[in-house]
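In what comes next, chain A is part of two complexes: it sits with chain B in the first one and with chain C in the second one.
Moving on to the complex of A and B:
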């Protein structure tokens, strides 16, 4: 009898199905939307330990991935594909920067959480437009929090802050 | 035994149906026995099922299966309310570590049982309400703080549980620690004990009163997308009556420890925690030493060797 009860929870965990990915936009679609008519030259980089350390110091945000997916835009500017921690899975996002390194646009490429997809709202994302490295980017102070989507709001805000520091330290200086 | 098989089979079937019927898709209860400050957003709701298996009294056989059907709703982003229905099955035989008699679980204390007979009873435990109010969010305020209250009413049972929940996150919220302090007041209607002194309250039918104070701490790390693993520790303390500051009314102390595994995706979650009572720190103050302490563990009242809890739910 005891063995049967033990099997109940393990049977449950064994039949948990994999999650569905909800893709709202591909990298190519985000590129075309942010920089219409432009071409994109990949300039992927692997951040050095010194760069990671400098980025973390400048942004106060941890760098989880040293591989940087960045494209130089033919019409001027940069396009970065990245991801931030979500409630259960990473949230892939894209950041477009103008030639001066200011935020041109932020796009959420995929969102796989039950709640908090208000971070895809253009009005919320537009709060980042024009921000440069060094700008104040604190949730609830400089960026409005989305109640009920606090974790996603904070991680996306931190992610933009980190990528702006990455631009200043690892892209603009190369 | 036949009844136990029937409930086990029904439980497996219910779990399988619940998951195969869900489109694969996530969440909050990282732990089986410890609460965090994460709540449903406003106007969102969730259905949740709990299965808690409590087993082992040191001697004989002892099994309890507690089942909870729960509905949760976000009244606001900081206030979550729930309602649930509870029922349980218990089977026991010769599980009294003091004299080898059959002793029903505390929640079945008003059921008559022959001293060495089989005990096998299923009952409706009661209905409960729950409210959790979050004062601080770990994502904005650096630390999470929430207050919890849960009244339960059932046949011959009244209970009021309240809890302080603290949460601290690290490593971009992938490492979560939670600390709970729980205070519970219980009233159980018991039949009179003919062996008690006529002047004692226990001589006649009466409402038995008990206070539980539990301290619990847990930590969980998200080691892969959707998956977290952790450890939980609980310290349970009981008093007769409602004055936990009166040391002469202390009855039992026990410590539990064990791992937890959590899966969550967009719409469903499952959490499994298995705890074992640790062979240290156990006390039975209500009986002459060693009382119900056997092999360093406390087997009195609602203390047992193993506890396993499975929670699974679906978010709408």
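Moving on to the complex of A and C:
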């Protein structure tokens, strides 16, 4: 175990990307991983007003987008690519369902949460204005991790609840 | 040929937060297998130790353990064993029987229970059997292990990846993380309030956990109450405080953030007992690094 603590003054820090953004995998990679060897037939749908309100009623979660990206899997089951509203940003995720509509796998495709609320705070951000010199650290490339108060993944679990209601209302019944 | 720089990272919602797992230096299929198995370890802990889920070991204990002996999974027993050791070493500042306070303040939903918890109950009333599986409560109480289960899950995941001989790996459960391998990694620390400098740790083969209550503040009886309790006094810990603990194992780092938040400099002995370091921030005192002689 080795650990060293430093306080990096913002004046010497050229932060290029204030948001912590990680791309974990593409939709195609998630498909191949959840259903190895299968082929995927797109059955994209636009949810009707009635379906949206039924989904919202069943899941108690708002539907922000009525376009549903769903694929029928050749080996049985469904694959949905969707996004949930995070604290500030959209978080794309993939949901694999088996032929009975039970969750087979969930993978977060990208994570774009900001380095807390600090970067949303204009006073905090103004510190970086015109300060591009010095060792440029990017929060994504050079700082691999952030540790702070644990952020809840409530928005993601709510999103999955909404997609399961969507499956019951708009996919299974078709 | 295996590319030495091949780096695969994935994330799933588990333990009430986002858990990401990164593996470097394994062939792609092997890396995904290692990550899949590591996620299984995290999911196991999630299923066993949730306060909310009805069929978890913790819910079964909170329902029945004050009437009869309850058999739990070895992983649950291990977490309860560590909870006891840390409670003992911290003289009860760390205490998993604070469940009722967190329910009262709105941080946890009330469990399905046939009894009201005894306000006098403490960690001493959680009786662990010699068989490493049976648990009994001596008084009516509710336990909540979310103060160390996340760290334990990270340790189990890292240990699983270790079996695949990855060159470098990191398991991060919403900021409680453990890094394995020869490379140094940087960890930015996120404080409750904007600062004029970025606090950053450079670590190698170590675990880091941070706590601060500001994200989960609740108002109860007209005062702000975060999710952390000074168990000796049953009082909320001010949400403007921040504590980061570095240790070999993430369970230790995760658990010790709470007594460090409560005790500040008085937690030095506790940190020494577990070979840990802490970096604490308080709006009036600024930064403090503990133990003081640890560089």
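Here is the rule we go by: the second predicted complex is superposed on the first by the 114 of 174 C-alpha atoms of A that agree within 3 Å, B and C clash if a C-alpha of one lies under 4 Å from a C-alpha of the other, contacts with A are read in each partner's own complex, and residues count from 1 in each chain.
Just so we're on the same page, a residue touches a chain if its C-beta (ideal position, glycine included) is under 8 Å from a C-beta of that chain, and two chains touch if they have at least 3 such contacts.
Note that this is a predicted model, so its numbers are computed, not measured.
Asks: Could you say whether A:33 touches chain B, chain C, both of them, or neither, answering first, second, both or neither?
Replies: Touch status of A:33: second partner only.
Asks: Touch check for A:89: first (chain B), second (chain C), both, or neither?
Replies: First partner only, chain B.
Asks: For A:106, select first, second, both or neither according to whether it touches chain B, chain C, the two together, or no partner.
Replies: So A:106 only meets chain C here.
Asks: Quick check for you: in the superposed arrangement, does A:52 touch first (chain B), second (chain C), both or neither?
Replies: Touch status of A:52: no partner.
Asks: Using the touch definition from the top, say if A:157 reaches chain B (first), chain C (second), both or neither.
Replies: In the superposition, A:157 contacts chain C only.
Asks: Is A:145 touching the first partner chain B, the second partner chain C, both, or neither of them?
Replies: both
Asks: Which parts of chain A are in contact with chain B and also with chain C?
Replies: Touching chain B and chain C on chain A: residues 1-2, 4-10, 13, 22, 115-116, 139, 145, 147-151, 154.
Asks: Spell out the residues on chain C that touch chain A in their complex, using ranges where they run on.
Replies: Those in contact with chain A are residues 9-14, 16-18, 20, 22, 32, 150, 170, 172-177, 179, 184-192, 194, 196-206, 208-216, 242, 244, 246-248, 275, 277, 279, 287, 289.
Asks: Where on chain A is chain C touching in the complex?
Replies: Per the stated touch rule, the residues are 1-10, 13, 22, 24-25, 33, 106-108, 111, 115-116, 118, 121, 123-124, 127, 139, 142-154, 156-157, 160.
Asks: Spell out the part of chain A that touches chain B in their complex, as residue ranges.
Replies: Listed in rising order, the residues of chain A that touch chain B are 1-2, 4-13, 15-20, 22, 62, 64, 85, 87-90, 112-116, 139-140, 145, 147-151, 154-155, 158.
Asks: Taking the touch rule as given, give the residues of chain B at its contact with chain A in the complex, in rising order.
Replies: 1, 4-5, 8-9, 11-12, 15-16, 19-20, 22-27, 40-42, 44, 51, 53, 55, 63, 65, 74, 77, 91, 137, 139-140, 171-174, 222, 225-226, 261, 263-268, 270, 272, 308, 310, 312, 315
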